[in-house]
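Dropping the structures in below, format is structure tokens.
Next come two complexes, and both contain chain A; in the first it sits with chain B, in the second with chain C.
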Partner chain A sequence: MKRSEYIIGIGIAIVIALIAYFITQAWALGPIPPRDLRGIASFYLYSMMNEKSPFYVSSPEAVTSILWDYRGLDTLYETAVFFLAIIGAVTVFRLLREHEKKVEEHRKEIKEPGMTLIVRLITKLTFTIIMVVAASIALHGQITPGGGFQGGAALAVAPLLAIAGLSRYFVEDVGLKEKTALALRTLGLTIIGLIALIPLILMSLGGLAYFMQNLPKPWAKYIGFPEWLLGVPLGGSLFFYNIAECLAVGAGFTVVFLLLSIPEDIFKKIIEGEKGE
Partner chain B sequence: MNEEFIVTFLWTYIYLTLLVILGLAIYGIVFRPNIIKKIIALTILGDTANIFMIYVGYRYTYPVKPPILWSWKPNATVLDTFLHQSVDPLPQALVITAIVINLAVTVLICFIAIQAYRLYGSLDVRDLAKLKG
Partner chain C sequence: MYILHLVMLAISLTLAMIFAYLAIISKDLLMAVVFSAAQSVFYALVFYLLLAPDIVLAFIAVSVGIYSALLIFVIRKTERYEKV
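Coming up: the complex of A and B.
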């Protein structure tokens, strides 16, 4: 860095400090950070584990309860945005059948894929550990920090590591092809949709239920998702949403990593071939 | 200077710094000609917005705790203590989804950028703007 860049940086910091000092002296923003909770936050925190409240969630984790219960519809639409973004990425990188043959040819040229033996062995060990961590984050989502999104993001690191250390072709040989990952992702999203609809479907048998119902509410005499299992709060549908979301996010990013790992010269050949025609 | 003043000053300083970073990110998105630099600026913009959200949800109290209830069978006393110690969980819930969606959208933009480079051999928007069809 040049000396002038340091001077600009320090200058900006001093100007911000001066403005902040005057704002604070004028008490322009009031007391920040706030001393009290906002009303809606108190409501969430008070009712999520309070069995007497009609808005009982049976999950001690406030973030997960908001994510999948109080603001469940928001999350459903945000999952839809995620779904569409991955669909867009797959569409841009789509391969025709004849192009897939070129990938196969490239594969035969390579005799020993991946890095050295040490790296491959360590990658295999780490792969397992990452999977366990991801499962633990996703399955404990309703009682500890974590949940479907975070577990899925952690899960996606495992195939990425395998692609880097063991090569794309090893991952494909194990059975994790793009189409498998796409199918897994669609399966995860289908399960999310089904969990939202199950109470409505069961309603046809009698009783009261709602779309995206989490637990059976006190006034609706009906069997819903379980609130406790083996002495652990299950949070009704939260537990199942977390598993499905973990699958969807993890498999979605795996598709992206698999597409990114196609060697660049194959695409070059494809584009040159198209121009030649 | 009392404690109240110092705390408020530091938080005002952080808010203003975040505003400056937002401005720099918007500058990068608008004025940098290279698409990769635009994408980097976009991720900085998203992360700054997320940090801002987390700060908005913070609460100045002691002891301050994450919004996770420590008791699975709480009575009225536990719930009252919890309400006096926990931070606001709503911004955190919004940030979780925002991060994943940010990542997915960045992936989509990156894929389009890679494809543009393969087809046209350039990532400079001034070159790409000249293309027709």
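Coming up: the complex of A and C.
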């Protein structure tokens, strides 16, 4: 290495050591760990499971109740950002009908898709386990750590594993095509929008409500989602939001994986064909 | 318990740094992805020790599963070995 590289490395190390010293020893950012809760955190912890509070959510999971109730609009816009990212990916990798024919031709050339028998068997077993884990993360999101996005990300790993181990064509044969995944994602987003709008729709029957209302509030008394079902706390609308978000995120990632797993030589053929014209 | 947490934090962050270094110097890009995934596992442990189980669930699925898979797709579309 050159001398200048040594100087840069030692300089970075000194800067990091100084920052670490001032934060941990001199308490430049306040004591670590903090001795008191911040005002907003104590408000959330006080009102989350407190039935007498006007901001009661009936969910013991602080993160999920903040994500979908107190800060619900933030999550709604976050979902919109993810929606736009997937739309962008689908637009960049879109296939015309003639290109889809070329993918079909390529498929006929391959005789035995996927890896060896051992890998395929293990993939099938692991696929099931991942689906169960994803479902438990998403469906229990209002009680234990987890929620829609976490469950959706875990759900997206299952088709990814199937694409790697069993080949893209196996996944398509089972019925999970790009269009199906896109439709599932749109369904999830539509459910999120509907659940957010349902209080406003019910308001036309009488009473007062607001956008993304969860449980009945003192100033909007009559409209709200169920608090308990079969002895399980649903947390009002949190449960439904989590399921829909899991579907939207999982299917959204799957669309991108299906598009990316089209072999590169097909894309090359398509580009060369366009140049020839 | 407090000291034990700090020691575990130090060990996992050190191992994560070693894997990050290996990922940077590796000329075999597929191995670099594997090192990066190992680094992410230690980061997930750090998140768990810092009492953020919600982040762990999202982070482990995205960083080990989805991110590695995206990079492997990209490597498959280009070349496996980095030329100097």
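Everything that follows uses one rule, which is that the second predicted complex is superposed on the first by the 242 of 277 C-alpha atoms of A that agree within 3 Å, B and C clash if a C-alpha of one lies under 4 Å from a C-alpha of the other, contacts with A are read in each partner's own complex, and residues count from 1 in each chain.
Just so we're on the same page, a contact is a pair of C-beta atoms (placed from the backbone, for glycine too) under 8 Å apart; a residue touches a chain by one contact, two chains touch by 3 or more.
These numbers were taken from a predicted model, which means no experiment stands behind them.
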| item | value |
| --- | --- |
| Touched partner set for A:L258, first chain B, second chain C, both or neither | neither |
| Partner chain(s) touched by A:F93 [first = chain B, second = chain C, both, neither] | first |
| Touching partner for A:A153 - first (chain B), second (chain C), both, neither | both |
| Touching partner for A:V171 - first (chain B), second (chain C), both, neither | neither |
| First (chain B), second (chain C), both or neither touched by A:R71 | first |
| Between chain B and chain C, more extensive residue contact with chain A | B |
| Which of chain B and chain C A:L29 touches, first, second, both or neither | first |
| Contacts of A:I137 with chain B and chain C, given as first, second, both or neither | second |
| Set intersection of chain A contacts, chain C complex versus chain B complex | 63, 145, 147, 149-150, 153, 253 |
| Partner chain A, residues of chain C touching it in the complex | 53-54, 56-58, 61-62, 65-66, 69-70, 73, 76-77 |
| Chain A to chain C touching residues, read off their complex | 63-64, 137, 145-147, 149-151, 153-154, 156-157, 160, 164, 253, 257, 260-261, 264 |
| Chain B residues touching chain A - in the complex, by the definition given at the top | 4-5, 7-9, 11-13, 15-17, 20, 55, 58-61, 66-72, 74, 79, 82-83, 86, 88-90, 92-93, 96-97, 99-101, 103-105, 107-108, 111-112, 115, 118-119 |
| Complex interface listing, chain A residues touching chain B | 12, 16-17, 19-21, 23-24, 27, 29, 31-38, 40-42, 44-46, 48-50, 60-63, 66-67, 71, 74-75, 78, 81-82, 85-86, 88-89, 92-93, 143-145, 147, 149-150, 152-153, 232-233, 249, 252-253, 256, 259, 267-268, 271 |
